[in-house]
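Per-chain numbering from 1; labels A, B, C and D assigned in written order.
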Amino acid sequence: MAKIQLNMITQRSIEEGAAMEKGKTNPDYFTACSICEMNPEDMKKAGVWKNTNVRVTSECGSVIVKAIVPTQFVPPGLAHIRQGVWANQVVPPRTQSTGTPQYSGFLVTIEPAVEERIKTALELVQGSVGLWKKE
Amino acid sequence: MPKLITQVGCPYCGSSCDDLEVLVSDDNKTVLEVRNACIIGNNIFLHANDPTRPKLPRMRQPDGSMKEISYKEAIDWTAKTLIAAKKPLIYGFGSTNCEGMSAVGRVAEKAGAVLDNCASICHGPSFLAIFDNGYPSCTLGEAKNRADCVVFWGCNPMHAHPRHTSRYSLFPRGFFTQKGQMQRKVICVDPRETDTAKLADVHFMLDQGHDYDLFDAFRTVLRGHDIPDIVAGIKREKIVEAIEIMKKSRFVMIFFGMGCTHTDGRNHNVDIAISLTRDLNTHTKASIMAMRGHYNIAGPGQVWSWQFGFPYCIDLSKGTHAHMNPGETSSIDLAMRDEIDCFVNVGTDAGAHFPIEAVKHLKKHPFITIDPNFCMASEISDLHIPVRIAGVDEPGVVYRMDNVPIQFKAVIDGLPGVPSDEELFDMVYERMCELTQTEPVWLAAKAHRKYPSSAVN
Amino acid sequence: MAKVILTPKKVPELMLEAPCITTDAFAKKTPAQIADLEVREGKIPFKLGEYFEIVGNPGESAAETEIEIAGDCSRVKYIGTKMTAGLITVKGNADMYTGGWMKGGKIHIVGDVHSFCGIAMEGGDILVDGNAQNHVGCAYRGDWRGMRGGTIRIRGSAGNDIGTFMLGGTIIIEKEVFIHVSTHAEGGTVIIKGNVTGRVGGQMVKGDIYVLGKIQHILPGFTKVDQVRKEVDGQTFTLDHYIGDLGERHPKSKGKEIFANLYVRAAA
Amino acid sequence: MTEILITHGFVIDPTQNINGDVADVAIRDGKIVDTVGSGAKVIDAKGKVVMAGGVDVHSHVAGPKVNVGRLMRPEDKLFKSPMAQEKFRMESGFSVPSVFKTGYDYARMGYGFVMEAAMPPIHSPHVHEEIHDTPIIDEAALPVFGNNWFVMEYLRNKEVENTAAYIAWLIRVTKGFGVKVVNPGGTAAWAWGLNCLKLDDKVPYFEITPSEIITGLLQANEYLGLPHSVHLHQNDLGNPGNFLTTIDSLKLAEGIKTKNKFGRTQVMHSTHIQFHAYGGENWGNFESKAKDVMDYVNKAKNITVDLGCVTLDETTTMTADGPFEHHLHSLNHIKWANTDVELETAAGVVPYVYDKDIRVCATQWAIGLELGLYAKDPERVFITTDHPNAGPFTRYPRVISWLMCRKARDATLNTFRHKDKVIEATTLDSIDRELTLYEIAQMTRSGPARCLGLSKMYGGLAPGMNADVAVFDLNYKSMPTDPVAIEKALQRAALFVKSGEIVVRDGTVLSHGHKKTVWVNVKMPENPQVVRDITQCFTRDYTVGINNYPVRDYLAPHPYVIDVDVEA
């Protein structure tokens, strides 16, 4: 299966902000943040269809999100996951001794994961600390 | 009769708009309508109506479930946990008023804690740059009334500060900018073609992470030297043209955001932006401003600077003096280096906004969340204490992104029995003093309270 | 030199802050008195003796004292800060601020050091056999007076921010460096024998940088003026000579601006 | 009922012409009284000097630019917080101390009232937040007016009454104290990157000159009859040859009469005059004009000044004189912060090292002392360091020891690399005068209190006044010959009673006292035009709502309000 390496940035968006203020367990938040924006050229290279799930893996973790055509143009080579729970599964905590993690500008590999399920915010966070219980 | 409250401050982004109009029910309990706000501001006020808002603290039980407990128990547990910890970390304050930030100063000092705020993962590098290079800035009214060249560098106000462009930076007709947008040249620097970039006259779509190189090129051109044909993916002619635009302007306003502070080089991207602003001042008037994220995230920087001398990452564990050095005393580094043994998350959601690796480290120790709502942090906490929502059911002073203090109002009554951040911290402090048999130091704090302690429990 | 040997007894739960591990603090003391020196884990003060077995007597002064730490100090901060003379050897790693504000003497770390090694150093020698993290020989936050003298030699690699605000002294990194070398520097010498990703000499006013490897991105503010042959750390090389940072203010001498120098090993 | 009796001290109180008489000072319920009962707490001050609490007429201790100074200078805190006391709030900072350290250190020096010298009106809630977090000392703050759009607009049209009405409104809503003027016109010009260095330079767009602004504000201030006069930071600060502008500015007070019910005698207070007493054309031939300036000040009875003495420390300069800070930065190339404040003012902050071995700094040091030594009327010349601009306020004792001892001045002078050049550029070496402790009390107590219109409360020990009493370990009848001993005694008061409560003993803080925020409530009939102008301006030009602008009452939790009734 194809796999490409992209430079990842994670930043704010109004969709994320609006949904977050309704609550992070709100479905809007899931829709707004569990996505990865990438250039159609890169999608092609990775063998990814738009609106299908991909696995994004960085030096410190991986997450399943939905690949979408950018809502704000992203050039080839760059990928964007909106700030939030899903992005932070792959954000490296290294700070260059400044206190601020590497939220933008870290390498990720992206590969199709059509069959995989996108986890909810709560499942990701609680799961990471051993508190997640299936309903 | 519903009441219309005007000139209400919005507790969302750093624009801290104070021109909202909120229609509330006769009994002061429900927000009916919000006018003038952006979609996000709207949601904040309406979310306060949510009947499922927590009204009591919840403590995690051995089986992993959460059980409601009284405020008295929660305060006692918090006080004891803070006293027992060798080095607790108190972090957050993205959505807290200054009264709360001032109150937590006492708690942190007593607890020998590290006091940090969301700037740590956000505009912290901007502070580092300010330490190194200063901050030639202005209030937002100056931008509105004078700026005829506006630069958005690594920031996207159309998304993160939805009304910034209409209230301050781009569209408004100011005293010396009567033609509004027509009179402003807009330059945007961003590796994506963001919705802000689409509004710009010139968009530099630079290679991600090479802001420093591009700034260096700007400065080199400004000093009359030559630069290579392409810098950071941008052609020399375009850089020279932008410098000409800036030099010809009467007032250059540079806004910068996470695009500078979250990427390689961190503080130095801002550092050199400040140098550029300074250089521009020999040709024309220029100012620079950090696009602070939350409505009062400039607040802890102010309050803690006057209390401890530092805006963030304040290590109070040494007893005799405060120490600050981000990279060492910053939340993420402390977490990753296992340098703390208790975490208090206040008015933010570290669970959602910290890299998950850091969350895992923090969760090794007692984890307390103080926040009006359920959030990711509250759902992994050992203890969640709800408080009132600053700017909605709790008034107070907040600092806008330009460090102008704005006195926010409360539009509805708080949930009965739920304290403000300030009251909660004061009660925790009082309890800590009781437990350690020491005299509390109140200064004007108690007299300063907007109403007598709403005597929870 | 009189030698005191510290053998770690336990690993601190949190980081241990031990600015007392200096020849200056040890001099003239008995092992019992040394064991009584205060260290901190968070807000709790402890005794040095709780963490280290202490054997041997120090000398009458710092200069006559040698401290050997016979084990790992990965979780011990502030070793050798402000020391003025003598020798400290750590037979393992050391954490942050190793040799910070140091004025004289020598520190030898057999393993790695964490960030802020040699911060605001004024004199003396630091030798690290392993790697260093970030901010080697930098200034304290906000101070425009960084490293003023002395030598730091890292035999391995280093991260970002090497010699920020440097005024004097020498930093040698024998392997690669990430970004930001001599940012804001107004003096001093940095020698990097490996490759550098970029941002070498940004906002630099005065001073010298030698890079014997490659620089992936040379800043636009640096321009090549000539090629020279120079001795660098005992060996002679052909070097491309750049001056910069042209974007920064520079002091003038007889009406001519004086720039910082960047020497990069010329392509063979 | 708390009663305290301080017995057998050498009392120095210029307000009652008491000069070292051995006497008792009685205190009841926060006030000085004639006698107290036998149950009073007796404190023996035998062999010690007893004075009123100090009054600082000009110090930057609270507010946005002070806080920028704190924020941008972490290196000012590193290894520099030696006085932390157990069971008290943490203290930090040297040149710009934290609010806690500010309160504690002033109290340790026996100071009871401090005037924050510049409050940008839009930032007034911030100033009051800092003030109420500052322990012990009473404080007030002066809003800045000299570059305010309303003021410039009204005064261009010669509308003194409207100016006065606006001033009354602004002082009330900001809970301010008086009229501060900083680089009139120059700071407004700075918004376009320009400055007004001369009194007849025109302010861009507003087409008004600094001298018109000063004159108009002097008239408006007396129209209102405020407790304090116009408090002027003059144009052309810190530049060689500025003394002519200085004297010309002082002359603007000629012919203006005081009108107030507070015992104030001056119409203009010219602050940190040291920075305005420079001769020469450039830094090469920079020299002192202290004598020329003081000759004028000594003659002009309706003027007061404070010194702004350079203390030869590494400090942080901060002023609403935005263009000056930019200029200073271009000289020393250290970090520079600036904030232009919409419609009102600006401010700049630059760290500065007054190095004794740099000729200019050493000369500035000498000028500050010359000015103090040329003072004929110590009731009109006050000791300040323009904290932290010329040095931190914690150096007052050292400044006083220089003023009191020729030996101390010589000792410092002898350490200078450019000693000879400093002697040549100033007259300091020819002055033998040594100020007495009585004169020092005038310059730090009775004088500033009267200048601020607060002489009924502060600055003296007469019955009915605030019981702010400082006791220093100095034997007035045989003063120490070692100036260091004087400095040490003044640095750490043997006892300080603030508002009737013992807050410091042997230099150690014992209590957080009962601090007050002093503000002036100017009441005058509503001026419809000014009301309309204000409303319109907030809708159109400001970025904050008019409802959110006035400082809410809870931010000044212990107010002492001075009512001023203005007759129409």
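Keep in mind that, in the parts below, a contact is a pair of C-beta atoms (placed from the backbone, for glycine too) under 8 Å apart; a residue touches a chain by one contact, two chains touch by 3 or more.
Computed from a prediction, not measured in an experiment: that's the story for all the values here.
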Relative to subunit D, chain with the most remote C-alpha centre: A
Distance-to-centre winner among chains (Cα means, whole assembly as reference): B
Centre distance in Å when subunit B and subunit D are each reduced to the mean of their C-alpha atoms: 34
Averaged-CA centre spacing for the pair subunit B and subunit A, given as whole angstrom: 23
Between subunit B and subunit C, centroid-to-centroid distance (C-alpha), Å: 34
Subunit A-subunit D separation of Cα centroids, rounded to whole Å: 56
Residue list for subunit A, restricted to those that touch at least two other chains: 96-97
Touching two or more other chains - residue numbers and ranges from subunit C: 115-116, 134-135, 140-142, 144, 160
Where subunit B touches two or more other chains, by residue: 128, 131-132, 264-265, 319, 324, 326-328
Chains grouped in pairs wherever the two touch, ordered by label: A-B, A-C, B-C, B-D, C-D
List of subunit C residues in touch with subunit D within their complex: 140-144, 249
Touching residues on subunit B, where the partner in the complex is subunit D: 6-7, 9, 18-19, 98, 102, 106, 109, 127, 130-142, 144-146, 167-168, 174-176, 250-251, 278, 281, 284-285, 287, 301-303, 305-311, 316, 319-324, 397, 399, 402-409, 438-439, 441-444, 447-450
For the subunit B and subunit A complex, residues of the former touching the latter: 12-13, 38-40, 43-44, 47, 50, 64, 120-122, 124-125, 128, 156, 158-160, 162, 191-195, 197, 205, 208-209, 258-259, 261-267, 293, 312-313, 326-333, 335-336, 349, 351-360, 363, 373-376, 379-380
Complex contact set, residues of subunit B against subunit C: 85-87, 111-112, 128, 131-132, 210, 212-213, 216-220, 222-223, 225-228, 231, 264-265, 268, 271-272, 275, 279, 317-319, 324-328, 337-341
Complex interface listing, subunit A residues touching subunit C: 96-97
